[in-house]
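The data blocks that follow each hold one structure.
After this come two complexes, each holding subunit A, first together with subunit B and then together with subunit C.
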Partner chain A sequence: MIFEKILSPGKKERKVTDNMRRHIQLLCAACDLFRTAMEKDDRNLMRDVIDLEREGDSIRREIISLIYEGAFLPYLRPDLCRYVEIVDNVFDVLGDTAPYYLDGKIPEQIKSECIRIAYFNSKICEMLLITFEAMLKGDDLREKTLAIRIYEKKIDDIKFSLIRDIHKIPISNFWDGKILSEFISGISAISDIIEEASDHLQIINVSMK
Partner chain B sequence: MWKVLSSVFLGWSLGANNFANIFGTGVATGAIKYGTAMFLSVVFVLFGALLEGPKCMKIVGELSTLLTIEAFYCLLASGITMTILTYLAIPTSTSQAIIGAIVGAGILSGSADFSKLFKIIICWLVTPIGAIVLAYFLHRSLRYVLDKTITNITYLNYLYSTGIILAGCYSAYTLGSNNVATVTGVYVGSGFLSAGMASLIGGLSIALGVITYGKKVMITVGKEIAPLDPFSALVTILATAFTLHIFTQIGVPVSSSQAIVGAVVGVGIVGGLRTVSAKVVTKITVGWFMTPLSAGILTVLFIKLLV
Partner chain C sequence: MKVQELMTTKIESVDSDKTVYDAIEKMVDRRIRALMVRFPEEKLNHGIITARDIVFKVLAKSLNPKDILVSEIASKPVACVDKNADMNEVASLMEKNKIARVFVCEGEKIIGVIALIDIMAGALIMRARG
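And now, the complex of A and B:
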C-alpha cells in the first residue's frame, strides 16, 4: 500500500478530480438544458433535467467512495466531500424545481425574467467549472470567485424585480400560487449555492498552502 | 550479561516515549498509518543506531570513568527517573537523565570531567533554539520554492504525503544515531561492550519500545499535539531530524522531545502564532534541572547503598 502510494503518484487523486470535473460539467449541461427547456417550452427536455439529477447523484457517490478509499490526505478529505455535497445540492434544487415547471404554468409577464435567471445560472455554472480548474492548478481564485459573486448579485436583482412583478399577477388558486412561488425560489437559489461552492473551492485552495 | 537489562529498560522507555516525536505529526495528519509508521521507525532506528550510533558514545564514555556495576546503576537510576518524571507529567529527556546519572557517579568516584559536561549543557540549551531557527527558515524557504514550482493540488498532495513518510524515516534514523548513546554508551565507557555491540543492543531496545508501548504514548501525546497542516507537519519532522543529525555529527546526544517542541514553535512563528506559552517554557526549564539532578542523586544513592 505504501509503495503503491509512492510509486503511482496521484493515480487515485486524478480519478477523483476527473470525476469532480465530470460532476460540474454535468451540472453545466443540466442548467443549460433547463434554460433551453424554458425557452422552447419543451416539457420533454425539462424531464431530462430530472434524469441528469440522478446521474449527478451517481457521480457524487463515486467521488466520495474514491476519496475514502484513500485519495488525498485525510486532512483534505472533509473539505473535498463537503464541496461535492454542495454541488450535489444544486442538482437537487434543479431536480426539485423542474417538476414545478411541469405541473404549473409560468405567466407570460414574468417568463422572460425567469429565462434570464436560468441563463445566468448557466453562466455561473461555467464560471464554477473555470474556478475548479484553476483550483486544481493552484492558481489565484480571487478574480473567478468575484465573477461568480457578480453573477449572483445580478440574479438577486432579477429575483427582487420578479417578486415585485408577481404581486401584480392574479392567482386563481392556492396551489397555482404555491407552485409558482416554489419555482421562483428554486431557480433563484441555485446561484446562492454555487457561490457557496466557489467559497469552498477557495478554502481548499488555501488549505494546501 | 544481565547488566545490559538496565540499558534495555532505558532503551525501551526511550523508544516508547520518542516514537510519537518521529511520526506523531504524520499519523495525526493521516499521511501514514500507525502500523506502517511503527515498521519504518523500527527499521530506520536500527539503521541509525548501527551506522552512526557510536559517534555520540565517545562523549558519554569520557564524562567519567565508571565500573560496569556503576554503569548499571546509572542506567537503572535514569530509567526510574524517566518513569517518575513522566508520571508527574514533567517533560524529561533520556540524554539529560543519563548524563546526570554519570556525572553523579563521577562526582562520587572523583573522575567526573566537567569540561565535557559544559559542552553537553551548551548543546542542550541550543537544541530547542536551533530547532526553532531551522523550522522557521525551512518553512519560509520551502514555501517560497513550492509556490514558484509546484502549485497543482494533486502534485502537492503527493509531495506532502511522500515527504512526511520519508522525513519520518530520516527522523527515526537520527533518533537511533543520536540517542542510542544514552542507552548503552555508558557501557562502552566502562569497557563492558564494544561500540558495535552497544549500538545493536541499544537500537534493538529502542525498537522494542516502539513496538510494544509506542502506540499508547502516541495516543496520549497525540491529544496534545496541535493539529498541523501537512506542509507544517513535514517541516516540523524535517527540522527535528536535521537538529538531531547536526548534534550527532558534533557527538553530543540531545533531546528529541525538546527538538520537536522547538520545531513546532518555529513553524508557529511563521504564521505569527503565539505558540510559546510561559507554562510550556517553565515546564521545559524545570525538566532541564530536575531530570539530571534526580538521576544524579538516585545514582549516588544506589552506588552508596548497593556497591
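And now, the complex of A and C:
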C-alpha cells in the first residue's frame, strides 16, 4: 500500500481511499445497470441509474470534504479532487443519458450497437477500478491504462459506425432526432471521461514517486 | 477471454456480383481491410475478400479491378468459430491457416468477426486484469 505508506497513513486518508473505491464501485454498478436496462428494455432499471447518480454525488461531496479537512499532503489534494470530479462527471453523463432512453425509442437498426457500447462502458469501468487498486498498491499503471485505451478505441469505432447508420434513419420530428442524438452522444462520451480519469490516476501515481 | 467479448459485430459486406473496384471503394471509405462477400444464390453463401487478395490477385498483376468480379477472387468457405471460443484457440486457428480474421458464428448465422488486432487487444486486457 505505497499510496498510503508514503503519504501520511492516517484514518482520514484511509477513509478517503475507501470512499474513492466505493465511488468507482458504484459507477461500475451504474454502468452495469444501464447495460442491463438496455438489454432487457427495462425502464424501471434505467430510472435506478438516475438514483445511483445521486448517490455518487453524495460520495463525491464526502471525499472532497475529507480531503479539505486535511487528508493527504497539500500538494496532492488538487489532483485527488480533480480525479474525483472526473469520476463524478461520468455519473453525470450516465444520469443525463438515462432520461433520453426513457423519453425516446432506440431504432431497431442501431439497438444492438448501442447495447455493445453499454457493454464496453461497464468493462472500461471495471478496468478503472483495477487501475485504482493497482495505484493503491503502488504498481505500474502502464498496462492498465493501455487496456482502458483499447476499450475506448473499440467504443470509438462503434460510435463512428453508429454516426454513419443514423444518417439513414428517417426522423419524423425534431425532438425525436434530438433525443436520439443526445442519447448516442451520452453513451459514447462515457469512455472518453473514464480514459481521462485513468490518465489522471497515472498523474497521481507519478507525482507520488 | 471469449471471442464474443471483443468481436466486431458490425460486419461490412459486398455482393459477389460487384466488381473488385466497388469493394476497394467500400474498404477505403470504411477504412477496413476485409469485406464479407455475400453469395445470395449459393448454399454456402459467405466468403471473404481482403486487401491482400486485391493486391496480389488483381493490382500486382496489372489487372483492371473494374473488370473483375468480387466472386472471382473471394475466398470461400470462411473460417468460423463459436462465440464462446477462447481467444487462444482462435489465435492457433489463425496461425495454422495463416489468416488474420475469423468469423464468429451462432449456428449458421455470422454474428461477428474477430481480427488479429482483437486477439492482441484481448491478450493485453487479460494482462491488465492480472
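A few remarks follow.
The working rule: the second predicted complex is superposed on the first by the 200 of 209 C-alpha atoms of A that agree within 3 Å, B and C clash if a C-alpha of one lies under 4 Å from a C-alpha of the other, contacts with A are read in each partner's own complex, and residues count from 1 in each chain.
As a convention for this text, a contact is a pair of C-beta atoms (placed from the backbone, for glycine too) under 8 Å apart; a residue touches a chain by one contact, two chains touch by 3 or more.
Just so it is clear, the model here is predicted, and its values are computed rather than measured.
Set against each other, subunit B and subunit C touch different numbers of residues in subunit A, with B touching more. Looking at the shared chain after the overlay, A:E13 reaches subunit B, while subunit C stays out of its contact range. Of the two partner chains, subunit C is the only one touched by A:A147; subunit B is not. In the superposition on chain A, contact of A:Y75 is made with subunit B only, not with subunit C. Contact with subunit C, but none with subunit B, is seen for A:S112 once the two complexes are overlaid on the shared chain. When the two structures are aligned on the shared chain, A:D157 is found in touch with subunit C, with no touch to subunit B.
Of the two partner chains placed by superposition, A:E53 touches none, neither subunit B nor subunit C. In the superposition on chain A, none of the residues of subunit A is touched both by subunit B in one structure and by subunit C in the other. Interface residues of subunit A facing subunit C in the complex, by the touch rule stated above, are 112-113, 116, 123, 127, 130, 143-144, 146-147, 150-151, 154, 157-158, 161.
On subunit C, the positions that touch subunit A within their shared complex are 5-6, 8-10, 121, 124-125, 127-130.
Across the complex, subunit B meets subunit A through its residues 29-33, 36, 143, 147, 150-158, 160-162, 165, 229-231. Taken together, the subunit A residues at the contact with subunit B in this complex read 1-2, 5-6, 9-10, 13-14, 17, 72-76, 135-139, 204-205, 207-209.
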